[in-house]
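Both complexes shown next keep chain A, but they swap its partner, so chain B is in the first and chain C is in the second.
This part shows the complex of A and B:
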């Protein structure tokens, strides 16, 4: 069996550990995404404000997120917070902060453009029925906006799941890191472990992301009006 | 001004931000139960005029008296005023994320705080009247243009408006669907609904109107009974306008 390295996946608790690592990735991505959706809706509404300085501020925020690689942001928050602010943030918390910072910007921009894409007449026919601005927004505009956003939300979520692989670099043990540990531990007993472990990680990412992109495609087809 | 005027407009003026005047001193009044049709060339301000009445546009000066009360004075009252003035748009604008029934009962429940069951009952009655009862659970995208517009009329009617504004409601429809919508409007007129209608359907205008108003260049140019207006228009501009609806074979 020396030639087949596959059994390394099932030695001891290896497979369970991989799944636990995957869970860490998924947890960071999903929590960040949930926060991003909430904050992004607010940001998107604010971005449509007519005030110049509000627009400028949002613009700067968006550009910062676009320019900075996520890795730099992770380092800034994780190491920066401890060195300059004296706060000892855990790796996972730092990751959630950075991913939310990133996701909120992207969601905000998506919400902003989705809001613009709702025809003016949708607002007006609400007003014509005697509805207040608040009622029109909550009952007519927001539900339509969210429907339009579902595909983009799924897309952003899968990108976030994939990007969680960066958090290894601030010491979070997620699926890729677990894989690395398994490979290192079996370097001499199973030299081909890398192939099997990374292959498995490939399938794990696929298994998590595929349902999301599939769901996005189905929803996109269903909600087209 | 007569006592029974439901709507009285005095010297209404409006211009756009670039200073272009859309409405230049428009005055007119309507009685309860009257059907007034506004016709005129594109860009003459007739749609803007309707939108002003429903407070969807701001005005520069003038008064709009609804039952003798100036609705321009207190903008906070706008929501209350709009409940009394229903409006149907050219592009129907049903809410795409709701079924037809939900579209119709949304405002009565939300705005007038009516009981859901009672609103549904009335909605079904109204939908049946315009022949759409079997579409109650369909979504707007599953309906034809004519059906959507009929549903939009019902959505306005359920609010029991005192005045209904119809803004070119057949302009976006295929020709064969125009009739089914206008039929509904004719029935409403027969039932005594007070309506102010902007349309390009001259035959329909003639059939439904108690009075025709011809607008051009932001002014009311002519006000007349429909038979008079279509047969013997007084003003030269109205004559020219009506001529554009006649076709004669070119002699070669």
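This part shows the complex of A and C:
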């Protein structure tokens, strides 16, 4: 009977539907990641500012993100916004807002530490060659920072993808939800469907995240040498 | 805001917070143990187990906790293994946390310089003695910031337990929203509960981190002085 249970994955369009569900999760992750990178670079530069109140503000923002579970933030936006702003945010949009809010903080912190790690003589050599502050930043500092950031960005992306699994709890139809539908539909024909479907989803997430985290590890090793 | 309602719902949140804290504590302790075992296996280069540990770490780091929990809670009963939701939560958290803790130990072990190990061996210490008396203390000190980050991360991850019918903080908040439609009060209490749970830990962690970094600078000075 075990071999029969596995067939539920490939009955009809089931497998295709699972992949489509996964695509919804990935889309949310990629859009939030792109926004986080853009906003995070700004935040990272701002965080190195010498003004006390800017530092304090950034610190509070980071601390909020560090402490609040992403699920709680999702609930706040999804349930809170519909009540107070009178807007009916879709689950997807709330997810993008929350993940961008979270990702920007993480990204900002990464950019900040990468900027600090650039040795001072890099700036000074630039100035000594008569470059303006803008030129030094755009041509010397930013390219080096980005090189150092790539492994961390990839790690953050895998975390983002993993966290998108939470959006099923605010009603987005993504891979876990599709899995539930398949399980419910085949409850009587294949009782062991839950085992295979959740096992498959587990494997799918692994198949998506593993290449990124492996690549990040390899790049990190390369950078160190 | 209806403060009467908030006052009435406090006991519910306290119960849920205690449950969350209990499961987080057990899960974190187990993850520490799993991480430590993986670390011993790796350092001692035990053949087959080493590959198994590496596979486990990759598998657990690259999949979301929610999917792991769904597999444990809804998937396994279909093949005859029935777990209670608390058992699922603890196993899931330990499975996830174990790999993070293992990586923390690993980064600490990698930071121990080779000279230290060789000196120990040449003094006639056994490999096990070198491991416990020389490598481990140094590794643990250098990884303390990572351990702290992992602990906070794991406590945050407990928020998904509501999905396997465990009456944790999120579960209570969702319940109250469903029963009474008092979204604001329920969400406010949820945020406050997590603040109370995590803010002290976060502050303690930053204090420890500063302390460790301070020690690190001292050591660096001594090393470069020689």
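As a convention for this text, the second predicted complex is superposed on the first by the 217 of 225 C-alpha atoms of A that agree within 3 Å, B and C clash if a C-alpha of one lies under 4 Å from a C-alpha of the other, contacts with A are read in each partner's own complex, and residues count from 1 in each chain.
Everything below uses one rule, namely that contacts are C-beta pairs under 8 Å (C-beta built on N, C-alpha and C of every residue); 3 or more make two chains touch, one makes a residue touch a chain.
Just so you know, these numbers come straight off a predicted model, no measurement behind them.
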item	value
Contacts of A:23 with chain B and chain C, given as first, second, both or neither	neither
Partner, of chain C and chain B, that touches more residues belonging to chain A	C
Which of chain B and chain C A:68 touches, first, second, both or neither	second
Partner chain(s) touched by A:128 [first = chain B, second = chain C, both, neither]	first
Touched partner set for A:42, first chain B, second chain C, both or neither	neither
Partner chain(s) touched by A:10 [first = chain B, second = chain C, both, neither]	neither
Which of chain B and chain C A:119 touches, first, second, both or neither	first
Partner chain(s) touched by A:147 [first = chain B, second = chain C, both, neither]	first
Contacts on chain A seen with chain B and repeated with chain C across the two complexes	none
Residue numbers on chain B that touch chain A, as the complex places them	54-56, 78-80, 82-83, 86-87, 89, 91, 93-97, 106-107, 110-112, 139-141, 152, 155-156, 159
Residues of chain A defined as touching chain C within the complex	2, 5, 63, 66-72, 75-76, 79-80, 83, 158, 162-166, 168-169, 176, 179, 183, 191-199, 201-202, 205-206, 209-210, 213
For the chain C and chain A complex, residues of the former touching the latter	58-59, 61-68, 70-71, 74-79, 152, 156-160, 162-163, 170, 173-174, 177, 183-184, 187, 190-191, 194-195, 198-199, 202
Chain A residues touching chain B - in the complex, by the definition given at the top	119, 121-122, 124-132, 135, 139-140, 143-144, 147, 225
